[in-house]
Amino acid sequence: MDAMVMKAMTEGMQSGEMMSMEGMPAMDMAVMQACMDACAACEQACTVCSTQMMDCAPACMNCADMCNTMMRSMMRMQGMTPATMMAMLDACIAMCQNCMDMCMPHADMSPVCKMCAESCQACMDACMKMREMMMAG
Amino acid sequence: MDAMVMKAMTEGMQSGEMMSMEGMPAMDMAVMQACMDACAACEQACTVCSTQMMDCAPACMNCADMCNTMMRSMMRMQGMTPATMMAMLDACIAMCQNCMDMCMPHADMSPVCKMCAESCQACMDACMKMREMMMAG
Amino acid sequence: MDAMVMKAMTEGMQSGEMMSMEGMPAMDMAVMQACMDACAACEQACTVCSTQMMDCAPACMNCADMCNTMMRSMMRMQGMTPATMMAMLDACIAMCQNCMDMCMPHADMSPVCKMCAESCQACMDACMKMREMMMAG
Amino acid sequence: MDAMVMKAMTEGMQSGEMMSMEGMPAMDMAVMQACMDACAACEQACTVCSTQMMDCAPACMNCADMCNTMMRSMMRMQGMTPATMMAMLDACIAMCQNCMDMCMPHADMSPVCKMCAESCQACMDACMKMREMMMAG
(Lines give C-alpha, C1' and ligand atoms only; values in the text may rest on other atoms or scores of the structure.)
Protein backbone atom coordinates (compact mmCIF):
# COMPACT_ATOMS: atom_id res chain seq x y z
CA MET A 1 0.00 0.00 0.00
CA ASP A 2 1.13 3.45 -0.82
CA ALA A 3 3.03 4.80 2.20
CA MET A 4 1.37 8.20 1.77
CA VAL A 5 -2.12 6.67 1.97
CA MET A 6 -1.28 4.58 5.03
CA LYS A 7 0.23 7.54 6.82
CA ALA A 8 -2.89 9.61 6.21
CA MET A 9 -5.17 6.78 7.34
CA THR A 10 -3.19 6.25 10.52
CA GLU A 11 -3.14 9.94 11.35
CA GLY A 12 -6.88 10.06 10.80
CA MET A 13 -7.33 7.10 13.11
CA GLN A 14 -5.40 8.71 15.91
CA SER A 15 -7.61 11.77 15.76
CA GLY A 16 -10.66 9.51 15.92
CA GLU A 17 -11.73 10.72 12.50
CA MET A 18 -11.11 7.55 10.53
CA MET A 19 -10.81 3.81 11.02
CA SER A 20 -13.17 3.78 13.96
CA MET A 21 -15.45 0.78 14.17
CA GLU A 22 -18.04 0.61 16.89
CA GLY A 23 -17.65 -2.38 19.15
CA MET A 24 -14.15 -3.13 17.92
CA PRO A 25 -11.02 -2.94 20.01
CA ALA A 26 -8.13 -0.97 18.56
CA MET A 27 -6.62 -2.85 15.65
CA ASP A 28 -3.00 -3.50 14.88
CA MET A 29 -2.64 -1.28 11.83
CA ALA A 30 0.30 -3.31 10.53
CA VAL A 31 -1.95 -6.38 10.20
CA MET A 32 -4.64 -4.35 8.47
CA GLN A 33 -2.13 -2.67 6.16
CA ALA A 34 -0.73 -6.08 5.21
CA CYS A 35 -4.25 -7.32 4.46
CA MET A 36 -5.09 -4.34 2.24
CA ASP A 37 -1.78 -4.81 0.42
CA ALA A 38 -2.46 -8.50 -0.13
CA CYS A 39 -5.95 -7.75 -1.47
CA ALA A 40 -4.59 -5.14 -3.89
CA ALA A 41 -1.87 -7.51 -5.12
CA CYS A 42 -4.37 -10.36 -5.49
CA GLU A 43 -6.78 -8.17 -7.50
CA GLN A 44 -3.91 -7.39 -9.89
CA ALA A 45 -2.71 -11.00 -10.13
CA CYS A 46 -6.23 -12.30 -10.81
CA THR A 47 -6.90 -9.57 -13.38
CA VAL A 48 -3.80 -10.53 -15.34
CA CYS A 49 -4.52 -14.26 -14.98
CA SER A 50 -8.11 -13.83 -16.22
CA THR A 51 -6.87 -12.66 -19.63
CA GLN A 52 -5.25 -16.00 -20.39
CA MET A 53 -8.53 -17.58 -21.49
CA MET A 54 -7.94 -20.68 -19.45
CA ASP A 55 -10.70 -22.33 -17.44
CA CYS A 56 -9.65 -20.44 -14.32
CA ALA A 57 -10.70 -17.10 -15.88
CA PRO A 58 -14.20 -16.74 -14.34
CA ALA A 59 -12.89 -17.65 -10.87
CA CYS A 60 -10.05 -15.14 -11.33
CA MET A 61 -12.43 -12.33 -12.32
CA ASN A 62 -14.70 -13.07 -9.37
CA CYS A 63 -11.72 -13.13 -7.03
CA ALA A 64 -10.35 -9.85 -8.42
CA ASP A 65 -13.65 -8.08 -7.78
CA MET A 66 -13.98 -9.50 -4.27
CA CYS A 67 -10.41 -8.56 -3.34
CA ASN A 68 -11.01 -4.99 -4.50
CA THR A 69 -14.27 -4.82 -2.51
CA MET A 70 -12.51 -6.23 0.56
CA MET A 71 -9.69 -3.69 0.28
CA ARG A 72 -12.07 -0.78 -0.15
CA SER A 73 -14.18 -1.90 2.80
CA MET A 74 -11.11 -1.85 5.02
CA MET A 75 -10.36 1.65 3.75
CA ARG A 76 -13.91 2.68 4.69
CA MET A 77 -13.95 1.04 8.09
CA GLN A 78 -16.39 3.65 9.42
CA GLY A 79 -19.04 1.79 7.44
CA MET A 80 -18.16 -1.62 8.89
CA THR A 81 -19.00 -3.55 12.05
CA PRO A 82 -17.24 -6.59 13.51
CA ALA A 83 -19.99 -8.82 12.08
CA THR A 84 -19.73 -7.42 8.55
CA MET A 85 -15.93 -7.62 8.68
CA MET A 86 -16.11 -11.30 9.63
CA ALA A 87 -18.57 -12.13 6.86
CA MET A 88 -16.52 -10.22 4.29
CA LEU A 89 -13.25 -11.84 5.36
CA ASP A 90 -14.87 -15.30 5.15
CA ALA A 91 -16.16 -14.56 1.65
CA CYS A 92 -12.81 -13.19 0.52
CA ILE A 93 -11.00 -16.24 1.90
CA ALA A 94 -13.47 -18.52 0.08
CA MET A 95 -12.99 -16.69 -3.22
CA CYS A 96 -9.18 -16.78 -2.95
CA GLN A 97 -9.24 -20.49 -2.06
CA ASN A 98 -11.45 -21.19 -5.04
CA CYS A 99 -9.31 -19.18 -7.45
CA MET A 100 -6.18 -20.93 -6.18
CA ASP A 101 -7.85 -24.32 -6.67
CA MET A 102 -8.62 -23.38 -10.28
CA CYS A 103 -5.15 -22.00 -11.06
CA MET A 104 -2.96 -24.60 -9.39
CA PRO A 105 -3.54 -27.31 -12.03
CA HIS A 106 -2.03 -24.90 -14.60
CA ALA A 107 0.86 -23.77 -12.43
CA ASP A 108 3.39 -25.91 -14.23
CA MET A 109 2.56 -24.69 -17.69
CA SER A 110 1.71 -21.06 -16.93
CA PRO A 111 3.88 -18.78 -14.80
CA VAL A 112 0.91 -16.39 -14.64
CA CYS A 113 -1.33 -19.05 -13.05
CA LYS A 114 1.45 -19.92 -10.61
CA MET A 115 1.81 -16.25 -9.66
CA CYS A 116 -1.97 -15.91 -9.32
CA ALA A 117 -2.24 -18.97 -7.06
CA GLU A 118 0.57 -17.65 -4.86
CA SER A 119 -1.09 -14.27 -4.65
CA CYS A 120 -4.39 -15.92 -3.64
CA GLN A 121 -2.59 -17.89 -0.94
CA ALA A 122 -0.98 -14.71 0.40
CA CYS A 123 -4.33 -12.92 0.43
CA MET A 124 -6.00 -15.81 2.27
CA ASP A 125 -3.23 -15.79 4.86
CA ALA A 126 -3.54 -12.03 5.40
CA CYS A 127 -7.34 -12.24 5.74
CA MET A 128 -7.00 -15.07 8.24
CA LYS A 129 -4.61 -12.96 10.30
CA MET A 130 -7.16 -10.13 10.31
CA ARG A 131 -9.80 -12.62 11.46
CA GLU A 132 -7.59 -13.92 14.26
CA MET A 133 -6.77 -10.41 15.43
CA MET A 134 -10.46 -9.55 15.55
CA MET A 135 -11.36 -12.77 17.40
CA ALA A 136 -8.62 -12.11 19.95
CA GLY A 137 -9.58 -8.43 20.31
CA MET B 1 -32.03 -7.25 -15.46
CA ASP B 2 -31.88 -6.57 -19.12
CA ALA B 3 -34.14 -9.12 -20.84
CA MET B 4 -31.58 -9.55 -23.64
CA VAL B 5 -28.85 -10.48 -21.17
CA MET B 6 -31.02 -12.95 -19.29
CA LYS B 7 -32.16 -14.62 -22.50
CA ALA B 8 -28.54 -15.07 -23.61
CA MET B 9 -27.52 -16.42 -20.20
CA THR B 10 -30.37 -18.91 -20.16
CA GLU B 11 -29.66 -20.11 -23.67
CA GLY B 12 -26.03 -20.55 -22.70
CA MET B 13 -27.04 -22.55 -19.68
CA GLN B 14 -29.18 -24.93 -21.67
CA SER B 15 -26.29 -25.70 -23.96
CA GLY B 16 -24.11 -26.39 -20.95
CA GLU B 17 -21.83 -23.55 -21.94
CA MET B 18 -22.69 -21.12 -19.16
CA MET B 19 -24.13 -21.05 -15.65
CA SER B 20 -22.84 -24.47 -14.84
CA MET B 21 -21.58 -24.96 -11.30
CA GLU B 22 -20.00 -28.21 -10.31
CA GLY B 23 -21.79 -29.92 -7.45
CA MET B 24 -24.85 -27.75 -7.79
CA PRO B 25 -28.28 -28.99 -8.78
CA ALA B 26 -30.02 -27.06 -11.55
CA MET B 27 -31.08 -23.68 -10.26
CA ASP B 28 -34.38 -21.92 -10.70
CA MET B 29 -33.26 -19.16 -13.03
CA ALA B 30 -36.13 -16.90 -11.98
CA VAL B 31 -34.77 -16.82 -8.41
CA MET B 32 -31.27 -16.09 -9.67
CA GLN B 33 -32.48 -13.41 -12.07
CA ALA B 34 -34.40 -11.74 -9.23
CA CYS B 35 -31.26 -11.81 -7.09
CA MET B 36 -29.08 -10.23 -9.78
CA ASP B 37 -31.74 -7.56 -10.34
CA ALA B 38 -31.93 -6.80 -6.63
CA CYS B 39 -28.13 -6.52 -6.41
CA ALA B 40 -28.01 -4.12 -9.38
CA ALA B 41 -30.78 -1.97 -7.92
CA CYS B 42 -29.12 -1.95 -4.51
CA GLU B 43 -25.76 -0.89 -5.99
CA GLN B 44 -27.50 2.05 -7.63
CA ALA B 45 -29.50 3.01 -4.54
CA CYS B 46 -26.41 2.88 -2.31
CA THR B 47 -24.34 4.86 -4.82
CA VAL B 48 -26.90 7.67 -4.86
CA CYS B 49 -27.31 7.56 -1.08
CA SER B 50 -23.54 7.76 -0.51
CA THR B 51 -23.42 11.21 -2.11
CA GLN B 52 -25.57 12.75 0.61
CA MET B 53 -22.64 13.13 3.00
CA MET B 54 -24.58 11.67 5.89
CA ASP B 55 -23.05 9.22 8.34
CA CYS B 56 -24.39 6.28 6.33
CA ALA B 57 -22.10 7.12 3.37
CA PRO B 58 -19.21 4.69 4.08
CA ALA B 59 -21.66 1.81 4.70
CA CYS B 60 -23.48 2.70 1.47
CA MET B 61 -20.26 2.72 -0.57
CA ASN B 62 -19.20 -0.62 0.90
CA CYS B 63 -22.63 -2.09 0.19
CA ALA B 64 -22.64 -0.77 -3.40
CA ASP B 65 -19.31 -2.44 -4.13
CA MET B 66 -20.39 -5.73 -2.55
CA CYS B 67 -23.70 -5.81 -4.44
CA ASN B 68 -21.86 -5.25 -7.73
CA THR B 69 -19.39 -8.02 -6.89
CA MET B 70 -22.25 -10.35 -5.92
CA MET B 71 -24.12 -9.63 -9.17
CA ARG B 72 -21.03 -10.17 -11.29
CA SER B 73 -20.21 -13.43 -9.51
CA MET B 74 -23.67 -14.76 -10.35
CA MET B 75 -23.08 -13.74 -13.97
CA ARG B 76 -19.80 -15.70 -13.90
CA MET B 77 -21.17 -18.77 -12.19
CA GLN B 78 -18.62 -20.98 -13.97
CA GLY B 79 -16.09 -19.58 -11.50
CA MET B 80 -18.20 -20.35 -8.42
CA THR B 81 -18.83 -23.36 -6.22
CA PRO B 82 -21.66 -23.97 -3.75
CA ALA B 83 -19.31 -23.06 -0.88
CA THR B 84 -18.18 -19.77 -2.43
CA MET B 85 -21.76 -18.87 -3.32
CA MET B 86 -22.84 -19.40 0.29
CA ALA B 87 -20.00 -17.29 1.70
CA MET B 88 -20.66 -14.52 -0.81
CA LEU B 89 -24.41 -14.50 -0.15
CA ASP B 90 -23.77 -14.33 3.61
CA ALA B 91 -21.39 -11.40 3.14
CA CYS B 92 -23.80 -9.59 0.83
CA ILE B 93 -26.66 -10.09 3.30
CA ALA B 94 -24.47 -8.74 6.12
CA MET B 95 -23.49 -5.66 4.10
CA CYS B 96 -27.10 -4.91 3.12
CA GLN B 97 -28.29 -5.35 6.71
CA ASN B 98 -25.57 -2.99 7.90
CA CYS B 99 -26.34 -0.35 5.28
CA MET B 100 -30.03 -0.55 6.11
CA ASP B 101 -29.25 -0.14 9.82
CA MET B 102 -27.27 3.01 9.01
CA CYS B 103 -29.88 4.50 6.66
CA MET B 104 -33.08 3.77 8.59
CA PRO B 105 -32.50 6.47 11.24
CA HIS B 106 -32.51 9.05 8.41
CA ALA B 107 -35.52 7.61 6.59
CA ASP B 108 -37.92 10.24 7.86
CA MET B 109 -35.82 13.18 6.80
CA SER B 110 -34.29 11.82 3.61
CA PRO B 111 -36.29 10.08 0.88
CA VAL B 112 -32.98 8.89 -0.56
CA CYS B 113 -32.06 7.07 2.68
CA LYS B 114 -35.55 5.57 2.81
CA MET B 115 -35.18 4.34 -0.77
CA CYS B 116 -31.70 2.98 -0.01
CA ALA B 117 -32.91 1.10 3.08
CA GLU B 118 -35.77 -0.43 1.10
CA SER B 119 -33.39 -1.46 -1.67
CA CYS B 120 -31.09 -3.09 0.89
CA GLN B 121 -34.04 -4.99 2.37
CA ALA B 122 -35.07 -6.21 -1.08
CA CYS B 123 -31.50 -7.32 -1.84
CA MET B 124 -31.24 -9.20 1.47
CA ASP B 125 -34.54 -10.95 0.75
CA ALA B 126 -33.42 -11.97 -2.73
CA CYS B 127 -30.06 -13.27 -1.44
CA MET B 128 -31.85 -15.26 1.26
CA LYS B 129 -34.08 -16.85 -1.37
CA MET B 130 -30.96 -17.85 -3.34
CA ARG B 131 -29.53 -19.35 -0.14
CA GLU B 132 -32.71 -21.31 0.55
CA MET B 133 -32.87 -22.63 -2.99
CA MET B 134 -29.27 -23.81 -2.76
CA MET B 135 -29.81 -25.45 0.64
CA ALA B 136 -32.87 -27.27 -0.66
CA GLY B 137 -31.13 -28.29 -3.89
CA MET C 1 -32.88 1.84 -13.88
CA ASP C 2 -34.77 1.08 -10.77
CA ALA C 3 -37.77 3.43 -10.66
CA MET C 4 -37.29 3.96 -6.92
CA VAL C 5 -33.70 5.13 -7.41
CA MET C 6 -34.61 7.48 -10.25
CA LYS C 7 -37.45 9.01 -8.29
CA ALA C 8 -35.15 9.68 -5.34
CA MET C 9 -32.46 11.16 -7.60
CA THR C 10 -34.93 13.44 -9.31
CA GLU C 11 -36.42 14.63 -6.05
CA GLY C 12 -32.94 15.35 -4.79
CA MET C 13 -32.18 17.32 -7.92
CA GLN C 14 -35.20 19.53 -7.55
CA SER C 15 -34.18 20.44 -4.05
CA GLY C 16 -30.73 21.34 -5.31
CA GLU C 17 -29.22 18.64 -3.15
CA MET C 18 -28.23 16.21 -5.84
CA MET C 19 -27.43 16.11 -9.54
CA SER C 20 -26.12 19.63 -9.51
CA MET C 21 -23.14 20.29 -11.77
CA GLU C 22 -21.53 23.68 -11.77
CA GLY C 23 -21.53 25.34 -15.17
CA MET C 24 -24.08 22.94 -16.57
CA PRO C 25 -27.55 23.88 -17.69
CA ALA C 26 -30.40 21.78 -16.37
CA MET C 27 -30.30 18.36 -17.96
CA ASP C 28 -33.13 16.37 -19.41
CA MET C 29 -33.34 13.64 -16.82
CA ALA C 30 -34.95 11.22 -19.25
CA VAL C 31 -31.81 11.31 -21.43
CA MET C 32 -29.59 10.81 -18.41
CA GLN C 33 -31.74 8.00 -17.04
CA ALA C 34 -31.61 6.26 -20.42
CA CYS C 35 -27.83 6.60 -20.44
CA MET C 36 -27.44 5.13 -16.94
CA ASP C 37 -29.76 2.26 -17.92
CA ALA C 38 -27.76 1.57 -21.08
CA CYS C 39 -24.49 1.55 -19.11
CA ALA C 40 -25.90 -0.88 -16.53
CA ALA C 41 -27.22 -3.19 -19.25
CA CYS C 42 -23.92 -3.03 -21.13
CA GLU C 43 -21.92 -3.86 -18.00
CA GLN C 44 -24.07 -6.97 -17.56
CA ALA C 45 -23.91 -7.99 -21.22
CA CYS C 46 -20.12 -7.60 -21.31
CA THR C 47 -19.69 -9.48 -18.03
CA VAL C 48 -21.62 -12.45 -19.37
CA CYS C 49 -19.84 -12.30 -22.74
CA SER C 50 -16.40 -12.22 -21.07
CA THR C 51 -16.96 -15.70 -19.61
CA GLN C 52 -17.09 -17.32 -23.03
CA MET C 53 -13.29 -17.44 -23.34
CA MET C 54 -13.37 -16.07 -26.85
CA ASP C 55 -10.90 -13.46 -28.05
CA CYS C 56 -13.34 -10.67 -27.23
CA ALA C 57 -13.08 -11.41 -23.47
CA PRO C 58 -10.46 -8.77 -22.49
CA ALA C 59 -12.32 -6.05 -24.44
CA CYS C 60 -15.59 -7.15 -22.78
CA MET C 61 -14.09 -6.98 -19.28
CA ASN C 62 -12.63 -3.54 -19.97
CA CYS C 63 -15.95 -2.34 -21.35
CA ALA C 64 -17.90 -3.73 -18.36
CA ASP C 65 -15.68 -1.84 -15.92
CA MET C 66 -15.90 1.39 -17.90
CA CYS C 67 -19.69 1.20 -18.21
CA ASN C 68 -20.01 0.70 -14.46
CA THR C 69 -17.70 3.66 -13.81
CA MET C 70 -19.66 5.80 -16.28
CA MET C 71 -22.97 4.89 -14.63
CA ARG C 72 -21.67 5.59 -11.14
CA SER C 73 -20.23 8.94 -12.24
CA MET C 74 -23.63 10.00 -13.51
CA MET C 75 -25.11 8.96 -10.18
CA ARG C 76 -22.53 11.13 -8.42
CA MET C 77 -22.89 14.15 -10.67
CA GLN C 78 -21.94 16.48 -7.81
CA GLY C 79 -18.38 15.30 -8.40
CA MET C 80 -18.44 15.99 -12.14
CA THR C 81 -17.93 19.01 -14.38
CA PRO C 82 -18.91 19.47 -18.03
CA ALA C 83 -15.28 18.80 -19.04
CA THR C 84 -15.01 15.56 -17.06
CA MET C 85 -18.39 14.38 -18.34
CA MET C 86 -17.27 14.94 -21.94
CA ALA C 87 -14.00 13.06 -21.43
CA MET C 88 -15.76 10.17 -19.69
CA LEU C 89 -18.47 9.91 -22.35
CA ASP C 90 -15.79 9.87 -25.07
CA ALA C 91 -13.91 7.11 -23.28
CA CYS C 92 -17.07 5.08 -22.70
CA ILE C 93 -18.06 5.43 -26.36
CA ALA C 94 -14.57 4.30 -27.42
CA MET C 95 -14.68 1.26 -25.14
CA CYS C 96 -18.15 0.23 -26.35
CA GLN C 97 -17.13 0.67 -29.99
CA ASN C 98 -14.06 -1.47 -29.39
CA CYS C 99 -15.99 -4.22 -27.60
CA MET C 100 -18.58 -4.26 -30.38
CA ASP C 101 -15.81 -4.53 -32.98
CA MET C 102 -14.42 -7.55 -31.13
CA CYS C 103 -17.79 -9.29 -30.64
CA MET C 104 -19.37 -8.72 -34.05
CA PRO C 105 -17.20 -11.32 -35.87
CA HIS C 106 -18.65 -13.96 -33.47
CA ALA C 107 -22.25 -12.76 -33.70
CA ASP C 108 -23.30 -15.53 -36.03
CA MET C 109 -21.98 -18.35 -33.92
CA SER C 110 -22.64 -16.95 -30.44
CA PRO C 111 -25.95 -15.42 -29.35
CA VAL C 112 -24.12 -14.01 -26.33
CA CYS C 113 -21.65 -12.08 -28.53
CA LYS C 114 -24.55 -10.82 -30.63
CA MET C 115 -26.35 -9.64 -27.51
CA CYS C 116 -23.17 -8.03 -26.21
CA ALA C 117 -22.54 -6.17 -29.47
CA GLU C 118 -26.12 -4.89 -29.48
CA SER C 119 -25.82 -3.75 -25.89
CA CYS C 120 -22.57 -1.91 -26.73
CA GLN C 121 -24.29 -0.19 -29.66
CA ALA C 122 -27.18 0.88 -27.41
CA CYS C 123 -24.76 2.22 -24.80
CA MET C 124 -22.80 4.17 -27.43
CA ASP C 125 -26.04 5.68 -28.73
CA ALA C 126 -27.15 6.71 -25.25
CA CYS C 127 -23.76 8.26 -24.46
CA MET C 128 -23.83 10.18 -27.73
CA LYS C 129 -27.26 11.56 -26.86
CA MET C 130 -25.90 12.72 -23.49
CA ARG C 131 -23.03 14.39 -25.33
CA GLU C 132 -25.37 16.14 -27.77
CA MET C 133 -27.59 17.37 -24.95
CA MET C 134 -24.58 18.80 -23.14
CA MET C 135 -23.23 20.46 -26.29
CA ALA C 136 -26.62 22.03 -26.98
CA GLY C 137 -27.12 23.09 -23.33
CA MET D 1 2.73 -2.81 -8.43
CA ASP D 2 3.40 -6.19 -7.03
CA ALA D 3 6.77 -7.34 -8.42
CA MET D 4 5.42 -10.86 -8.92
CA VAL D 5 2.56 -9.58 -11.09
CA MET D 6 4.82 -7.39 -13.18
CA LYS D 7 7.28 -10.18 -13.75
CA ALA D 8 4.50 -12.48 -14.96
CA MET D 9 3.07 -9.79 -17.23
CA THR D 10 6.46 -9.05 -18.75
CA GLU D 11 7.23 -12.70 -19.35
CA GLY D 12 3.84 -13.08 -20.99
CA MET D 13 4.58 -10.12 -23.23
CA GLN D 14 7.86 -11.52 -24.42
CA SER D 15 6.21 -14.71 -25.49
CA GLY D 16 3.61 -12.70 -27.38
CA GLU D 17 0.88 -14.07 -25.14
CA MET D 18 0.06 -10.91 -23.24
CA MET D 19 0.30 -7.14 -23.51
CA SER D 20 0.04 -7.21 -27.24
CA MET D 21 -1.93 -4.38 -28.78
CA GLU D 22 -2.55 -4.32 -32.48
CA GLY D 23 -1.17 -1.24 -34.19
CA MET D 24 0.98 -0.31 -31.23
CA PRO D 25 4.75 -0.23 -31.19
CA ALA D 26 6.43 -2.01 -28.31
CA MET D 27 5.92 -0.11 -25.12
CA ASP D 28 8.40 0.79 -22.45
CA MET D 29 7.13 -1.47 -19.69
CA ALA D 30 8.66 0.72 -16.99
CA VAL D 31 6.43 3.63 -18.06
CA MET D 32 3.38 1.38 -18.08
CA GLN D 33 4.23 -0.17 -14.74
CA ALA D 34 4.62 3.30 -13.23
CA CYS D 35 1.23 4.27 -14.63
CA MET D 36 -0.52 1.19 -13.20
CA ASP D 37 1.14 1.84 -9.83
CA ALA D 38 0.02 5.48 -9.85
CA CYS D 39 -3.55 4.43 -10.70
CA ALA D 40 -3.63 1.89 -7.87
CA ALA D 41 -2.25 4.41 -5.37
CA CYS D 42 -4.71 7.07 -6.55
CA GLU D 43 -7.67 4.68 -6.19
CA GLN D 44 -6.62 4.05 -2.59
CA ALA D 45 -6.01 7.72 -1.79
CA CYS D 46 -9.37 8.76 -3.25
CA THR D 47 -11.20 5.94 -1.44
CA VAL D 48 -9.81 7.07 1.91
CA CYS D 49 -10.47 10.74 1.12
CA SER D 50 -14.08 10.04 0.13
CA THR D 51 -14.90 8.89 3.68
CA GLN D 52 -14.23 12.32 5.14
CA MET D 53 -17.68 13.63 4.16
CA MET D 54 -16.24 16.80 2.74
CA ASP D 55 -17.50 18.31 -0.51
CA CYS D 56 -14.75 16.56 -2.45
CA ALA D 57 -16.26 13.12 -1.69
CA PRO D 58 -18.25 12.55 -4.92
CA ALA D 59 -15.26 13.63 -7.07
CA CYS D 60 -13.01 11.30 -5.03
CA MET D 61 -15.34 8.33 -5.49
CA ASN D 62 -15.59 8.97 -9.22
CA CYS D 63 -11.82 9.28 -9.48
CA ALA D 64 -11.24 6.08 -7.48
CA ASP D 65 -13.49 4.09 -9.83
CA MET D 66 -11.87 5.57 -12.94
CA CYS D 67 -8.34 4.89 -11.69
CA ASN D 68 -9.25 1.27 -10.98
CA THR D 69 -10.78 0.91 -14.46
CA MET D 70 -7.71 2.52 -16.04
CA MET D 71 -5.36 0.18 -14.15
CA ARG D 72 -7.36 -2.91 -15.08
CA SER D 73 -7.51 -1.86 -18.73
CA MET D 74 -3.73 -1.66 -18.83
CA MET D 75 -3.58 -5.13 -17.29
CA ARG D 76 -5.90 -6.38 -20.04
CA MET D 77 -4.13 -4.66 -22.90
CA GLN D 78 -5.21 -7.41 -25.30
CA GLY D 79 -8.62 -5.78 -25.21
CA MET D 80 -7.32 -2.29 -25.99
CA THR D 81 -6.36 -0.36 -29.11
CA PRO D 82 -4.30 2.82 -29.39
CA ALA D 83 -7.53 4.82 -29.82
CA THR D 84 -9.21 3.37 -26.73
CA MET D 85 -6.03 3.84 -24.69
CA MET D 86 -5.89 7.51 -25.66
CA ALA D 87 -9.55 8.12 -24.77
CA MET D 88 -9.18 6.30 -21.46
CA LEU D 89 -6.00 8.17 -20.53
CA ASP D 90 -7.69 11.49 -21.35
CA ALA D 91 -10.68 10.59 -19.17
CA CYS D 92 -8.45 9.43 -16.32
CA ILE D 93 -6.42 12.64 -16.51
CA ALA D 94 -9.63 14.71 -16.46
CA MET D 95 -10.97 12.83 -13.41
CA CYS D 96 -7.68 13.20 -11.50
CA GLN D 97 -7.48 16.91 -12.35
CA ASN D 98 -11.04 17.39 -11.14
CA CYS D 99 -10.50 15.49 -7.90
CA MET D 100 -7.33 17.47 -7.23
CA ASP D 101 -9.21 20.73 -7.84
CA MET D 102 -11.83 19.66 -5.28
CA CYS D 103 -9.31 18.51 -2.65
CA MET D 104 -6.74 21.30 -2.85
CA PRO D 105 -8.90 23.90 -1.04
CA HIS D 106 -8.95 21.54 1.98
CA ALA D 107 -5.26 20.67 1.85
CA ASP D 108 -4.34 22.95 4.72
CA MET D 109 -6.90 21.59 7.12
CA SER D 110 -6.91 17.92 6.08
CA PRO D 111 -3.77 15.83 5.61
CA VAL D 112 -5.95 13.24 3.85
CA CYS D 113 -7.09 15.77 1.22
CA LYS D 114 -3.49 16.89 0.75
CA MET D 115 -2.40 13.30 0.24
CA CYS D 116 -5.29 12.68 -2.16
CA ALA D 117 -4.45 15.77 -4.23
CA GLU D 118 -0.80 14.70 -4.43
CA SER D 119 -1.82 11.20 -5.49
CA CYS D 120 -4.08 12.65 -8.20
CA GLN D 121 -1.20 14.81 -9.47
CA ALA D 122 1.10 11.78 -9.60
CA CYS D 123 -1.53 9.75 -11.47
CA MET D 124 -2.06 12.56 -13.99
CA ASP D 125 1.69 12.79 -14.56
CA ALA D 126 1.99 9.04 -15.10
CA CYS D 127 -0.96 8.99 -17.53
CA MET D 128 0.55 11.89 -19.47
CA LYS D 129 3.83 10.00 -19.78
CA MET D 130 1.92 6.99 -21.17
CA ARG D 131 0.22 9.33 -23.65
CA GLU D 132 3.54 10.84 -24.74
CA MET D 133 5.11 7.43 -25.17
CA MET D 134 2.20 6.30 -27.34
CA MET D 135 2.28 9.48 -29.45
CA ALA D 136 6.02 9.08 -29.99
CA GLY D 137 5.72 5.35 -30.72
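A, B, C and D are the chain letters, set down in written order, and residue numbers restart from 1 in every chain.
Everything below uses one rule, namely that a residue touches a chain if its C-beta (ideal position, glycine included) is under 8 Å from a C-beta of that chain, and two chains touch if they have at least 3 such contacts.
This is a predicted model, so every value here is computed, not measured.
Listing every chain that touches chain B and chain C alike gives A, D. Farthest from chain D, judged by the mean position of CA atoms in each chain, is B. Of all residue numbers used where chain A meets chain D, over half belong to both copies. The two sides are thus made of the same residues. Taking the mean of the C-alpha atoms as each chain's centre, chain A and chain B sit 20 Å apart.
The centroid of the Cα atoms in chain B and the matching centroid in chain D are 29 Å apart. Shown for chain B are the residues in touch with two or more other chains, namely 50-51, 55, 57-58, 61, 68, 72, 76, 78-79. Viewed as a contact network, the protein chains are fully connected, with every chain touching every other.
Against chain C, the residues of chain B that register as touching in their complex are 1-2, 4-5, 7-9, 11-12, 17-18, 36, 40-41, 44-45, 47-48, 50-52, 64, 68, 71-72, 75-76, 78-79, 111-112, 114-116, 118-119. By the touch criterion stated above, chain D contacts chain B in their complex at residues 50-51, 53-55, 57-58, 61.
Considering their complex, residues 55-63, 65-66, 68-69, 72-73, 76-81, 83-84, 87-88, 90-91, 93-95, 98-99, 102 of chain B touch chain A.
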